[in-house]
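So that you can tell them apart, the chains are marked A, B and C in the order they are listed, and the count of residues begins at 1 in each.
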Amino acid sequence: MNQPSQNSTKPESDSPGLKQSAPLEETANNDESTNASPKRSLVSGSNFDRSKPDNKNASTMIDVRDVNFYYGDVQALFNVNLTVPEKSVMALIGPSGCGKSTFLRTLNRMNDIIDGTRVEGTIKLENQNIYDPTIDVVALRSRVGMVFQKSTPFPKSIFDNIAFGPRLSGTTSKSKLTEIVERSLQQAALWDEVKDRLSDSAMALSGGQQQRLCIARTLATNPEVILMDEPASALDPASTARIEDLIFELRKQYTIVIVTHNMQQAARVSQYTAFFYQGRLIEVGPTKELFTNPTEKQTEDYITGRFG
Amino acid sequence: MSNNRGEFNSKINSRHRTSKLFELFCLSAVLLALVVLCVLLFSVISKAWGWVDVDFLTSHHSRKPEDAGIKAALWGSLWLILLTGLFSIPIGVGAALYLEEYSRKNRLTTFIQVNLSNLAGVPSIVYGILGLTVFARMFDMFPGEQQSVMTISLLITDLSIPLPFGPTLITGAMTLSLLILPVVIISSQESLRSVPPSLRHASLALGATEWQTIRSQVLPAALPGIATGVILSLSRAIGETAPLLMVGAASFITATPGGIDGMGDILTNPGSLLEVPFSKYTCMPMQIYNWVKFAKVEFQEYVTSAGIVVLLGVLLLMNATAVYIRMRFQNKIQW
Amino acid sequence: MSSSPSPPSTDRSLEFRRTWTRTREQLIKFVLLLCALLSILTTIGILYVLLTNAVYSPNSKATAFFQEVSIWDFVTDTKWTPQYAQDRHFGILPLLIGTLKITGIAALIGLPIGLAGAVYLSEYAAPRTRNMIKPTLEVLAGIPTVVYGYFALIFITPYILRPIFSDLLGFEVKIFNAASAGIVVGIMIIPMVSSLSEDVLRSVPRSLREAGYALGGTRFDVSTKIVVPAALSGIIASFLLAISRAVGETMAVTIAAGLYTSNSLNPFEPSQTMTAYIVNVSSGDTPVGSIEYKSLYAVAFTLFLATLAMNILSQWVLKRFREEYQ
């Protein structure tokens, strides 16, 4: 994997292109608020695609177009456009209440279970619109896994936690399940710690272990995309470091979108970063560039700690 | 991996079907309960049709089904609830205030709390035995065939209190009060708990004493909730039969408590009010139970149904009041 | 007095003073404490009444039930015939069988339906549907038990039990029978089970459900494999409370199940429960002080202990459930 090196080369080659294309995009897009259009041009998918030539084998995994989101009458997301390349980590940052978690939850339609929510626009997962009426949410969620801020082990044994997803999809053979459990736990770097007590309750694990268990549980369903909602915010520094190492490893196989409060974390684990503010996607780009040379004033203010 | 995915998708339809079937199963459980309610109401009302009229409400029991009415029982139930409310509301709310506003969490209050939830689960018939022994018979402390009578002279009239109380209204009311007290206390506590502490702090910070704070801030804020809980408890009491049967509500009686048939009687003879608590009485559920046991089919079916309709009517009225209070005030006060 | 516009400096002292206000505060607190203590007095009263009449009488002139009948006979004898002049038997077993028979039928009906209703309300129903259904269930819970007894007598037996079991399957269904009583008691506990279970189901953290959905679970998967198992102890607590309620239920059982004491397990025959026996003795003309009259206290004591045990167990289970999730 040569992603880190790609990462370092990207800023120089990408940023001019992104900026130059801004006026062009403005005409192509619909008439949102006028002052927002330069920002939108930055985030629009076609621009992003131009960064692809560097990333040779990466195609678009998630393609978000003109997404608006409402909790009842309150609009929480405004015209978000974004693409996430395959096998990369995208960090979503921004102050609390900026809509980054809401956005993350639109990607596996987790918001569906909240009454009175509404989505406009399209979100494509490998060219399939996940909000198409023909889409099966259950199938979608088994392809787009999610790890939550608070670890959510089920009050069952470690084994049963991991085997939960495979069992749902009809895997009953004990040997197959055992194999999946071992593989998932190894991927989540938890195997060595729990291999002797798989039948113990998952609630007995430490916070960091629980969170890795939740990651392993997600991996067991064989997802393509993993969404993480501040997965390390409740953990101590050592556990956080382990989770970050894990994310770094997982990137080789999975597309990861991670919400984080912690900008250092975003910088450490992601290749791309998107900055949300007041329900709008202000700026998105390769992480290094966004942190070193943000194009938007609000982004700069946020990453330099002037608010949030 | 792709193979696995295909397998998954083939199974997903059957999983959705299971989920839908399960939803239908759960829904039908709820619907079944509602259907039973409808069938119950329908079967009772259809039998009572034509039997519930003004005559039914204003006549006493009679051996002829056509002439039988529920008057004594209706008055008995109303007095019973009035007295029960008189006993249980101040004591219940008082106990809730002590537990929520004054007491600290210590052994005593924890014990009271545990004790309350246990009392709420004691079968009503056990309260009947308690009432029978303590109020109706007073531990047989007053021996002899004759009931002793304690007479207290008041300004306009004498108050005669039979000792022991025997099968009188006051025995029934005290027994029912003990029965519903745990529920009254627990529901009042919940209402008090929903009053935000900031309100208390604000009042205390202005120099009000604890009682002033409770009277002027906490109680008014909690009142709708307390009232709802109290009314629901009282409507439980009005339908109670078993404990009253134990403490000796009369089977058949053709007199209203104190001989009061309406407001006019109270105005012409206010002294009769004092006789009310010590009158023999019957009440609606008792009357219904006794009618059920009658051999005559007319009683078993039609008169009983008519009695049930009146009882359910009174209950409906009380519940509607509770719902009204809840709606009316819930919208006004929002924390 | 203290509201004079410019109080003298002595009035501003923070020293403790015994004023009327302060005394009144103490008085009110004391009176309220008495109100709270009444509940303990009630418990003591119940225990005293039951113990002195059933187990041991402190009064030398009177004897308690177990001073005349040995506890051993009470527990082991298989006949209950206190009304006979000769060959009296005081074995609680027949009354226990009657109670268990009706409670069993009630549990068979009320627990699954109540739980399914709770799952529907907490996992499937939209808030508006729930707001419509819950008050209706409360109405069901508010109907007096004497009405349920009547319903069993005039509807359940003639229109449900007889057509099915008598006309179709050839059993003899008596007019007073345990099955009809069990069915209405089962109906009576549905609202209780569904409301208590719904509470515990809803207190299962939302995050667990989200995790389940995020793993690709359907509502069925999440309800039955995550939420219900997680709430299991709370559900068991609600079951225990409902069973305790069924055991203590009196009027419906007295009206619908009849007065006949038997050891038969046939649900279509009359059978007398502990509660019905208490009612029958106390509403009849049993002479006060007779052994038959005293037996009422022994039965009531048994009933009290049984329901108390279940209530305490239920609270203990519920407490553990709450500790797990809060």
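One rule holds in what follows: a contact is a pair of C-beta atoms (placed from the backbone, for glycine too) under 8 Å apart; a residue touches a chain by one contact, two chains touch by 3 or more.
Predicted model only: the values in this text are computed from it and were never measured.
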{"item": "Comparison of A-C and B-C by number of C-beta pairs in contact, larger one", "value": "B-C"}
{"item": "Nearest-to-centre chain - CA centroid comparison", "value": "C"}
{"item": "Whole-Å separation of chain centres (CA-atom averages), chain A against chain B", "value": "57"}
{"item": "Length of the line joining the C-alpha centres of chain A and chain C, rounded to whole Å", "value": "52"}
{"item": "Whole-Å separation of chain centres (CA-atom averages), chain B against chain C", "value": "16"}
{"item": "Contacts with two or more other chains, residues of chain A listed in rising order", "value": "138-139, 142, 168-169"}
{"item": "Chain C, residues touching no fewer than two other chains", "value": "218, 221"}
{"item": "Touching two or more other chains - residue numbers and ranges from chain B", "value": "15-16"}
{"item": "Contact footprint of chain B on chain A as seen in their complex", "value": "136, 138-139, 142, 168-170, 222"}
{"item": "In the complex with chain A, residue positions of chain C that touch it", "value": "126-127, 205, 207-218, 221, 225-226, 229-230, 324"}
{"item": "Complex interface listing, chain B residues touching chain A", "value": "1, 4-5, 7-9, 11-12, 15-16"}
{"item": "Interface residues, chain B side, partner chain C - complex", "value": "15-16, 18-19, 22-23, 25-30, 32-34, 36-37, 39-40, 43-44, 47, 90-92, 94-95, 97-99, 102-103, 109, 111-112, 114-119, 121-130, 132-134, 137, 178, 181-182, 185, 209-211, 232, 235-236, 238-242, 245-246, 285, 288-289, 292, 300-301, 304-305, 308, 311-312, 315, 319, 323"}
{"item": "Interface residues, chain A side, partner chain C - complex", "value": "108, 110, 113, 115, 138-142, 145-146, 148, 150, 152, 154-156, 164-165, 168-169, 214, 217-218, 221, 227"}
